[in-house]
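Quick notes on the structure that follows.
By letter and in written order, the chains are A, B, C, D, E and F; residue numbering begins at 1 in each of them.
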Amino acid sequence: MRPSGRAPDQMRAVTIERNVSLKAEGSCLVSFGNTRVLCTASVETSLPGWLRGKGQGWVTAEYGMLPRATGTRTRREATAGKQSGRTQEIQRLIGRSLRAVVDLTALGESQITLDCDVLEADGGTRTASITGAYVALSDAIRWLEERKLTKGPVLKDSVAAISCGIYRGSPVLDLDYLEDVEAETDANFVMTGAGKFVEIQGTAEGAPFDRAELDALMTLAGKGISELTELQKAALSA
Amino acid sequence: MRPSGRAPDQMRAVTIERNVSLKAEGSCLVSFGNTRVLCTASVETSLPGWLRGKGQGWVTAEYGMLPRATGTRTRREATAGKQSGRTQEIQRLIGRSLRAVVDLTALGESQITLDCDVLEADGGTRTASITGAYVALSDAIRWLEERKLTKGPVLKDSVAAISCGIYRGSPVLDLDYLEDVEAETDANFVMTGAGKFVEIQGTAEGAPFDRAELDALMTLAGKGISELTELQKAALSA
Amino acid sequence: MRPSGRAPDQMRAVTIERNVSLKAEGSCLVSFGNTRVLCTASVETSLPGWLRGKGQGWVTAEYGMLPRATGTRTRREATAGKQSGRTQEIQRLIGRSLRAVVDLTALGESQITLDCDVLEADGGTRTASITGAYVALSDAIRWLEERKLTKGPVLKDSVAAISCGIYRGSPVLDLDYLEDVEAETDANFVMTGAGKFVEIQGTAEGAPFDRAELDALMTLAGKGISELTELQKAALSA
Amino acid sequence: MRPSGRAPDQMRAVTIERNVSLKAEGSCLVSFGNTRVLCTASVETSLPGWLRGKGQGWVTAEYGMLPRATGTRTRREATAGKQSGRTQEIQRLIGRSLRAVVDLTALGESQITLDCDVLEADGGTRTASITGAYVALSDAIRWLEERKLTKGPVLKDSVAAISCGIYRGSPVLDLDYLEDVEAETDANFVMTGAGKFVEIQGTAEGAPFDRAELDALMTLAGKGISELTELQKAALSA
Amino acid sequence: MRPSGRAPDQMRAVTIERNVSLKAEGSCLVSFGNTRVLCTASVETSLPGWLRGKGQGWVTAEYGMLPRATGTRTRREATAGKQSGRTQEIQRLIGRSLRAVVDLTALGESQITLDCDVLEADGGTRTASITGAYVALSDAIRWLEERKLTKGPVLKDSVAAISCGIYRGSPVLDLDYLEDVEAETDANFVMTGAGKFVEIQGTAEGAPFDRAELDALMTLAGKGISELTELQKAALSA
Amino acid sequence: MRPSGRAPDQMRAVTIERNVSLKAEGSCLVSFGNTRVLCTASVETSLPGWLRGKGQGWVTAEYGMLPRATGTRTRREATAGKQSGRTQEIQRLIGRSLRAVVDLTALGESQITLDCDVLEADGGTRTASITGAYVALSDAIRWLEERKLTKGPVLKDSVAAISCGIYRGSPVLDLDYLEDVEAETDANFVMTGAGKFVEIQGTAEGAPFDRAELDALMTLAGKGISELTELQKAALSA
C-alpha cells in the first residue's frame, strides 16, 4: 500500500503549464503531484569560447532549489558559496539527457541554457526537471526556427524521465518523498518518445537488487514515459 | 507620459496570494505588475550561536533572483560562487525593515528567515519583497502564537515599501523597469502602517535632486504605502 | 548631552592632509575626530573590457578596514576570503557618490580607482571616505589634465558626505561611535557643493521616524556639508 | 575489433597490490591495464558531529586525479579552488557503493575514509577505484577487528565495479580510454560478490540504447564482476 | 654606486613611532626609508580551539598591503577572494620570527595577533614588519603584565630583521625597491638582539652565489640588526 | 644517536626511477628513504598571456600531498577549496629553484609545469621534490630538443636540494620525520651541481643558532648535494 493510495503503476497527477515566463524563449511550470519545477530556456547567440567556430551549438542546464522547497529550510547555495555535489550531478544529468535528442549541428551557433528551479520538492525533482525542460527547449527551438537560425530539424526525438523503486518489497512507479526516503532501490530512467534509453541510474539504498527487480522497474518506467510523452505532446500542441 | 500610461501617482496592480507554499510556516506570491516574488517564512527554533541565551529571537532575510527573471539571462549566483554586492545590500535591507516592526523579545527564542525569490523582474523587486515578506512573516508569527511559543504581541506595526522617482522631470510612484533605467532619481521608501519611516534610500542617478523634489517623492510614497497597507490587511484577513 | 560634549549641530574636528602617498596620482588622509581614512586615487589608462570603445571613462571605489581599526580586532577580509555585505555596500556608495559629480565623457578613456582604507574607526567611516575620496579624485583629475588626457572639465561640482541621527531624542550632526550604537535613527547624506542631494540613506535603528525628524536631519546635514565643502576647497588650494 | 585487440568479453589485466602505504590502515594499488589508482583507507575514531551518538559508524570516499594522469595536463583541483562536478559525482558513487556492503552499526563509532587517487588514467578510473577501495576497506576493518573496535561482522558481502559499453555497434567489457571516447553507450555496474546490483549507471553517449543492448551489457558486467571478485579474494588472502 | 647614494653597509633612515593606534594593546608605525608599515598587536583572551587547555598561549601574524602601497595599483586581496602565496609566506615568517623570542608558557592562555599593514612599499616590507611587530608585541606583553595575566618573563630576547643582497656585484645592506628588482642575490636575516639567527632566507635571483658571498651578507646583516636592536630599545624606553 | 642509526653526515637511501608516467614528457619517482614523490614534467606550447611574445619560456611547479601520505590523514586541499600557505610556499620554492638553472630564452616559447605529488611523507618532501623535479625537467627539455623546439642549451647546471638540522645538539644531514619534529634548527639548501647556492632557508625551531652551527650545516649540505648530483647524473644517463 502506497502512502498516497496510488496503484503500483500509477503516476502522480502531472501537469505542464507552458509560457509561464514573460521573457524566456521557452518556459513551463511542471508538476508531478506536489513537486513543482519552473523550467526556462534561454537562447544565447554567443557561444562559449571553447565551442566557437565548430559549426555547432550547445545545450546545457542548471538546477536549483528554493530554500524552502523542502520540509525544513535548506541552505541557499549562493550563500554557501558553491553548488552541492548533488546539484551538480543533477544539472549534468539534465544537460546530457536533452543533448541526447538534439542535433547540435542543426542547432547552429546558438547556446540554449535550461534553468530548472524547484519551487516545491516532494520527490522526483530531477525527473520532473528533465520532463519539463524538454518542453521549454522545444519552444526555444521553435523561437530559433521562426528566426531562421537553425540549419535543419534540431530535435531527433522527445525525452522524458521518471523514477521507479522497490518500496516495501514491491516495484512502484513515480516515487514521492515519503516513498523515496524508505525505498530499498531507487532508479531514474530517462527515455525517448520512441521508448529507448538515454540514461539509467539505479541505486540500492537498502539491499542490493537483482535482474528480475530491475526488469520490473524497466517495465514500469516504460509505461510512465509513454504517458509523459503524451502529456508533453499535448502541452506543445496546445 | 509614463510608458505604461499610468498616472504619476498610480501604482501598478498589486496582488498578494497567501499560502502558496505547502511547507513554509508563512508564504505569499506578491506581484507588482509584472514583478513577481515568492516570499516564504521559515521558523527555526534553534538560534544561531551568537544569539542563544539572550532571551530574544531574530528575523533575517535572503534574496535571490531566478536566472531568467530578467530580460537576458543573469548568471546564477550559486554558480558564480557568491552573492553579488547588490543581492547582499537588498537582503540586508529586507531584514532591517522587518526587524523594525518586530519585538524580538516577544518573539522568544526563535529565528524566522524570510526568503524572497524573484520569479519575474520588472522593477521594484526589493520593495515588492519587503511588502510580501511582511505578509509571510505575519503568518509565521501566527504559527508560533498558535503553538504558544511567543511571549506577547510580536508585531508592533505593519511594514511595506515602495519606490518613487523623478522620471523625465516629474515625480512618479512605483517605477517599472522601463522607468527605472531612465529615471534621474530613484528612491525607495520603507514605511510602517502608521505612516512612519523605517528606511529611506534616495539616489541621484542623473542630476542631483533638491529638497522640493524629495518632498514630492515622500508625498507619493506616503500614498503608495497607505494603499499597500490596505492590501496587506486584506490579504491577511482573507 | 552628547558624550563628546559637542553642540547638536557641531561636527568633530575635520582635517584633510593631501598628498600622503608617494605613488598615487591623488591621495589624502582624512580625519573626522578619531576616525581616520587613507584615500588614494589610482589612474589606470586601460579600461575594463565592458567600457572600452565607448568614449568615456570610469570612476570606482574600494573600501577596507584594517583589522584593528576597531575596538576589538575584526577578521581581515582577505583571510575570510570575501568582502562582507557591509563593505560592498559602502564601496558601491562611494563609487556612485563620486560618479555623480564626474562627467565620464570628459574624463576620457581612463579609469580612476579610489581606495578608502580605514586606519582608525570611530563612527562615520563611509562619510569620511566620500569626503576624502573627492579630494584624492580631484588631484588625480589634475594629474590627467596636466597630461592633456581629459576632454574638457571633468568635475561638475564637489561632493561630500555627513551622518546625522536622532540621539536620545534629539537630532545631532556627525555621530561618533558611541552615539552611533545608541542612535534611534541614523542617516547619511551625500551632497554636492551646491547643496543638492546625491544620496540619502536614513534608517530607523530603534523607533521609526517621521517627516519632521527627517527635516531636522536634512537641515543639520546641509550645515555640515557646507562646512566640509569649505574644508575640501581649502585643502585643494593649499 | 577493439583497439587493444581484446575479445569483447575480455577485461584488461587487473592487478591489486596490497599494503602499499606505510601509514594507512588499509591500502592497495589497483591497475586495470594502464589505469592505476592508489587507494588508502584511513580510520578515524572521532565521528563528524552529525553522526555522533547514533551508535553507528560511517564510510566515505574522496577521489582525485594527479594533474598528469591524463594525456594533456589537467588543472589541479586544489589550485582551481574546488572539486569539479565530475569528481564529486565519482566520490559520491564510491562512498555509496562501499556503504552498500557495510553494516554501519557493526562498524561501531568509527569513520573510514577511502582516498582513491588516480596516478595514471586510461579509462575506467571510477570502477577501478571502487574495486580497489573495497580491498583497502577490508584491511581497515581487519585493523579495527584486531583492536576489538567493531561490534560484529562489518562486511555483508564484497563489492566491485566494471564498465561496459556499445563500441562500434558491439557490446564490450571494460572500456579503455580509446574505446570510451568513441562508445555509443557507456555503462558502469557496481555489483556484490553474490552477483546483485548495487548501482547501475548507463548513459547513451551517441544513440539511445534499447533493452536488448542493456541486457547484453548486464551479462558482460556479470562476467567481469565475477572475475574481479576472485581477484579481490586472492589479494585479501595473500 | 647605490641608487640612493648610500654606502654599502648603510641602512636607510629607520624610525619607529609607538602607540599610533588608539585601540590596539600595542602598535607602531615603522619606516625603513620610504617603506612604511603599521603594526598593531591585538590581545585576545580566548584561544583558538586547538590550543585551549594546553597551558600556553600563541603569537600569530597577518600581513597586508594597501592596494596603492605600490607603484602601480595592486589588486586588493579581499576582492580577489584570497591571500596570495607571497602574503601567506610573509605572514608565516613574521609569526615564526616572533614566536622564536616568546616563552609561550609564560604568556599564559592569551593569543596575540600582529597585523602588519604596508602603507607604502619601497623594498624590505617583510623585514620592516618583523622589526616593528616586535615593538608592538612588547607593548602588548606589558599590557598583559600590568593586568597580571602572564606567568613569568615572556620575552626571551628581542628580534629584528634586515635584508641584504648582491647588487651589481657588491654586497649591500638594506635593499630598497630599485636595488631589489636588480639584485643578483637577495637575503633576509631575522636575528635576536643577542646576535643569533632565527631565520635565514637567501635566494639567487640571478646567478647562484657562493659561501664567500653569503659570509659577506651575514656580516652586513649582523651590523644592521645591531643598529635595529638599538632603535627598538630606544623606542620602547621612550 | 639518530633514530635511524645513520651517521650524522649520512643521507637516507635515495633512488630515482625515471619514466614512471606513460604520458608526461618527463617523470620520475624519487625516494629519500620512506619519503616518496612522483614528479612529472608537462610541456605546454601555449604560454600564459603575460609571457606571450617576450621571446622566452617559463618553468613553474605545483606541489601536493595525497591525504594519507602522512601519519594521520590530512584534509585534501581540493576539498578545503584552497592550497595551504605551506603548499604555496613549497611550490614557489620548487619553481624558483628550477628556473635558477634554466635559460628561459633558450627554452623558447614553451612552458614546463612540474607536478610534485607526495605519495608518502617522512620528512624532506620539498628537497626530494626539487631533486626529482630536476630529473623530470631534464627529460622534458630533451623532448623539446628532439623536436627542435629550443634555441640553444637550456640547462645551465643541475640543481638538487637537501635538508640539514641541529638534532639533539649535533648537526645532521637529511632529516627524517622523527628528527624533523624535534630538531632545534632546520635548514634547506638548494644547490647547483657546481656547488653554488640557489636558495638557503634556515629556521630556528627551538633555540636561535649561531654562525658556527650554520657553517657546519653548510658543510653537510655540500656533501649531500654532491651525492645527489651523482645520483641525478646516473639516473639521466641510465
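The rule is simple: contacts are C-beta pairs under 8 Å (C-beta built on N, C-alpha and C of every residue); 3 or more make two chains touch, one makes a residue touch a chain.
Note that the structure is predicted; figures quoted are calculated from it, not measured.
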| query | Among the chains, which has its CA centre at the largest distance from chain D's? | reply | C
| query | Among A-D, C-E or A-B, whose interface repeats B-C's (more than half the contact pairs identical)? | reply | A-D
| Could you state the distance in Å from the CA-based centre of chain A to that of chain F? | 51
| remark: Here the gap between chain A and chain E, centre to centre from mean Cα coordinates and rounded to Å, is 59
| request: Find every residue in chain A that makes contact with two or more other chains and list them. | output: 81-83
| query | Chain contact graph: line, ring, star, complete or other? | reply | ring
| remark: Ring order from chain A through chain B is A, B, C, E, F, D
| message | Which stretch or stretches of chain F touch chain D in the complex? | response | 21-24, 27, 34, 38, 40, 42, 44, 62, 64, 66-73, 76-83, 87, 113, 115, 117, 119-120, 122
| message | Taking the touch rule as given, give the residues of chain A at its contact with chain D in the complex, in rising order. | response | 82-83, 85-86, 88-89, 91-92, 96, 100, 157, 187, 191-192, 194-204, 207-211, 214, 218
